[in-house]
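For reference, chains read A, B, C, D, E and F in written order, and residue numbers begin at 1 within each chain.
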């Protein structure tokens, strides 16, 4: 695996790999993005702008300097070869998982979640996935391609089986995707309902969970810098409450934050929003 | 009438004029804009960026491919001659209306609504107008001009008479405009109240309605790219509920979407928001 | 004091100094900004873009042309000398206060509030401060500096003593700042609660109050163009209600609006938001 | 005539009308712009950003504080009524000319030159026009309109007759325009040749000259913020030499600077370029 | 082959395929871009903004309405599968070539040139390539990938053999690339020398030539919106002269214009520059 | 000295301090900037975007991987205290100089050059300064402040004495500055003349030289992202030739690159230009 350590470290995450309970890394891949590319720069910019953040969260009353996170930097992924890129992500995920640490991955586009789920389900065969997103991502193929951001949850379902995928916030897709969802996954449309999350937690209790967050679940007024902005999403405060609930109710064994596309973040606000979400996510995990 | 067909077609709107029940066209006019111009490019950009949208709406469970919309393209309007531009818009509106189809017009600035209402009221003498906007647009003249975006609803009132104009969301105007409104029109300030819309529907029942949407009724956080952004507007979800209610409760015989100004849409999010609103509007009309 | 009168006047504020009950001026200082500078241009741009606003407010049913506000323009402050800049602001504040008028200051960064509070507390020894902000600004020093935007409320506390500073909306700071706040000031986290403001008003009744508004108290979706955007803030409508309540419940003897940074306001929306807030503030004060 | 004096004054131009030899004013009109509007804000922004300039020019070794320029501010022109707007510009031009002063006008779009030339030719029947531009602007009509930026030089020719219009830098137009030009005007294509200007000066010697500068004569790399950027233009230094030559060789009795469109000047560089050009123009005129 | 005809047609290129001597199409692929993606939108935006151009070129005294160009629109290429995308481009190139027409392709990134050269060399085994670029693009592989924009000219060389590739303007690459170039290709560094082009024409006389233009050969001041801007390039006028010379001296049987990346073209100037270059290219080819 | 090592390293500069002959570091200070701030982010962004550059320079035929440069990262400077910030820069400069290495500093604004020259002149009492800039920077004070970017060369002159400061490219200043320059320094206006540089080299031969480059010496078309853009500057190629000449003709013992302001670099091109200039500077020094 090729690592690009020449990146700034996310604020307060300069721990040691050996002692770290959480390992952060970036997967700068956006090769199947169909509309607006640029998510490849997401992890780099979130790190670089994290100097504008505090390490302390008044909401959770925790501080990044009090936990142990190691920031590996960004992977060096090939351009133009989807399979090789996914293989390299898989290798890192498997290594971190094998070492008993929680991987937290910064995308990149949503397809990077597939190798992460693959590694997680190998370690935890009863894995479930909690999925925050505006888009269903349940197509069987997209313009003939099976490996596409638009198909990533369909591919994850093939690894998980029915009733293991819980999607929240979905407000875009084809008629076929919504029909398919009704039969195979749990899908809560349009919002991140706290009671829906609690209900899921009761059903899944103690099950290991992979938590994937497509930032476009937020309303574009809050988070415009994504590949495919989709109106009707949640506010930051609704998002924050749902994130905190997922982390407290579930046994999260891996997580990611995807689809932040810096070229569309002209005033830099999304870097600040995504950085704060990453801080809150790291502080809320319970290794 | 000069038509510029050399534009991209709005997604899923490649129907045939003969069979179409709804006809979409653009009126690229912003000649009386007093603050920030650019709305002339609104229709062109909404079409061009519609490739980022799905044709299916999970909210209404309908799909643009299942209805019959014909996208005529953009009119070719003269620059610098307000009267001629309005005449050309009027001619198209009258033709579509005469052919028994519902015209849906993409602005341009708000003054383009005047010839649309003129054509509609000729066909439907009992016409009422539902008006979503941040600004009253009720001045008698603006710097001496009677034909101005700031006067458009006052001009419409001259065609309609008292109690036929229902304005929602208004939060800006002069003291005189608000005083005049109290006597002549129904005006709901600051919001798009669902019960207010229902009440209006009861009073107007079965009356044909023209539905004009100035996109600045949305809060600038949701829709910054307008000529005169005005804080205190509604969220996308509030807007969507009100739009759906208007389309289901009223007999809408014509509609428009105005005041999207692409030069101020630097990250392209408003193109996505406006495109989704157009899709929802088209799917909600009942030809 | 050096004044730069070569600026546009805020709409409707072309009163005469002698008759004016409110005096508006700008303090174009951002010398201690630690993250994104540019607030020096805040007052200039708010004035320049105020031509897009109406003088009338339908919410308060008042009009700027009906009250008496004098806009002095912008101070000419030295660059690179914090103490001298604060001294010049202090001199103007003291003069306006001595003349029995209410000073309303446009920042600039938040440190400009310190000389304003100094002048106000000299005139009104029982002064309290109402503080809207996302950040606590309660550090004792920042990288060794006592005069820093990050310390401004700590410095104000030194002038006021315990229980005279009421902070609302705070959602960022160090663990130490929050611990210190618990002992020395009233701090309402995360929101601008109307009942909290009313409760404060009861405790402080008739006390003269200085009202400082850091615009980053708004959510970045509403107001992105600040030095340190911080998610989780209030909407415009929540903000407006709180501002109106402060002005009606308290005896406001001075006020400011700080931290609007035009270089990050690429579509100009924050100029419109800040301008409207300034109009509402001016119309709500009771000289 | 309605004047908006609520603008910043161009640096060093705070003279008195009575004593002034040069009078600067703005004509914020862009009503016939066919492609990208926004030139209405040109004069306002050039003034506002002039604080970044020095009053002294090392090239001409003159200083704005040593000459007498009065900056009237911007006209208040009606929106949407081309004829009335041109009439108001004409009235101001005639007044300044009648008072024996040199008018220097900031556009706005190029059509504002027409009333300026009208006023100048009334005073000086043997007037010639020196025209720097990328576009011929010689159409007889544009989409049926005679009053259009694309026709402005054709309209001026009607006032001047053959051999009185000298166009330099032209690199865009229709085949018909170029054919017409060959018969009726002097047109130097693609560049601002110093010897061509000198040759013209010999032919026109002592003739009063109106000097109109469409800023798109500069290459878009130098000046991107115009309505219709056109590659292949001159560099700033070539432009400067030509401007200085025109001012020294001709008897310039009026001048303008048009087609700066601030909405496309995202990094503000064109404000600085246009401001410097205005300074150099003012310093080079010989009242 | 899947074609997306739902695009605007380049100005004056609405010919008929049967009669057309030149066929224009877009290859919206940027899957191997290593730095800043977005070239996928190049062709679409060049077409969409071509309404700001004239069809007539005063430089060549020709008009697009007088020649016969058919604009096919944009290919629909799969995302994330480089080989399939190249195959689809190859199929179109072969078809157009087989029909005896000159293909002119709008990128996309530079790798799209490979299938174009493949099709051209099959038809014309003695093909040479004229290559305008800032970058050598001669790596043998890039992060292990053979199919990369950074290797495209190396891959073309494999099809052509030594002494058939003529590169001009090159100013970036590795030490290895420059060493390799010295042995296998003709490479003129840093500029587009007219005499160098003429010399090449003499050596290649009557040979069919494929002409590939990476727009980053222009200096970033002229053309900033590319994936990898590289200082030290040529001006527009130098470029234009070289383009005209290539088209007049060589027998050009195919051409492309690549690496315009609209997300970095915030003021839209590069759309105008690229559109003008395309017009000049089309007018200069001699079918 | 506080160092912020949490930055990306400039490409190819990951040498070891002990072995390094050149030491690179950033001085993120812009506290006296009078117009547009933001230069504090210059060094950070140049490093971050250097991944888009090659380490090899075809112009000098050298490669960064073949020399020994150590990138220390950015200093942590206090905000709002000019003297302390300059003291910290001085300490670093003195340390690097004492260790026999060449310091290369990334600004920040131009005032950071003062402590660098102070350290250099202590080590080399016969030091001369070569100064590339658009602005004279020779005021005695600016709004009463002696320590200002607008005075930096006047302050350096106090350390150096007459005839030790050689300024090139100057095209802006007050009449007084130019008069003063005539008596005390060598100043070549408007350009970077190769023969002027050679002449200076002859006069100064073997003298140690500090080389300070204000990037606004480049024309704003080439480098818009500076605090005070000034038309009439040099092209990249002219700049490159002059830089190479200075490095080959003089004994450069220290250098800096100042006044790149990222907030005004919306398309990122200036990051690429400044990065290439830094590479060329590093490769051209002769330790």
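By our rule, contacts are C-beta pairs under 8 Å (C-beta built on N, C-alpha and C of every residue); 3 or more make two chains touch, one makes a residue touch a chain.
None of these values were measured; they are calculated from a predicted model.
Shared contacts of subunit B and subunit D, meaning chains that touch the two of them, come down to C, E. The chains that touch subunit A as well as subunit F are C, E. Counted as hops between touching chains, the shortest connection from subunit C to subunit E is 2.
A rotation of 180 degrees, rounded to the nearest 5, superposes the Cα atoms of subunit A on subunit D. In this structure subunit E contacts its sequence twin subunit F using mostly different residue numbers, the overlap staying below half.
Equivalent interface to B-D within the set A-F, A-E or E-F: A-E (over half of contact pairs identical by residue number). Each chain gets one centre point, the mean of its Cα atoms, and the points for subunit B and subunit F are 55 Å apart.
Our note on geometry: subunit B versus subunit E, Cα centroid distance of 42 Å, whole angstroms. Look at where the CA atoms of subunit D average out and do the same for subunit E: the two points lie 38 Å apart. Touching of two or more other chains is recorded for residues 36, 51, 219, 221, 264, 266 of subunit E.
Taken as a contact graph, the chains fit none of the simple arrangements: neither line, ring, star nor complete graph. Under the contact rule stated at the top, the pairs of chains that touch are A-B, A-C, A-E, A-F, B-C, B-D, B-E, C-D, C-F, D-E, D-F, E-F.
Contact residues of subunit F toward subunit C in the complex are 2, 30-34, 36-38, 40, 76-82, 84, 111, 142-145, 147-148, 263-264, 266.
Taken in their complex, subunit C has these residues touching subunit D: 6-9, 14, 44, 48, 51, 266. Residues 35-36, 170-175, 178, 189-190, 219-221, 224-225, 228-232, 264-266 of subunit E are the ones that touch subunit F when the two sit in their complex.
Touching subunit F in their complex are the following residues of subunit D: 51-52, 54, 56, 58-59, 61, 63, 219, 221-222, 235-237, 240, 266-269, 272-273, 276-277.
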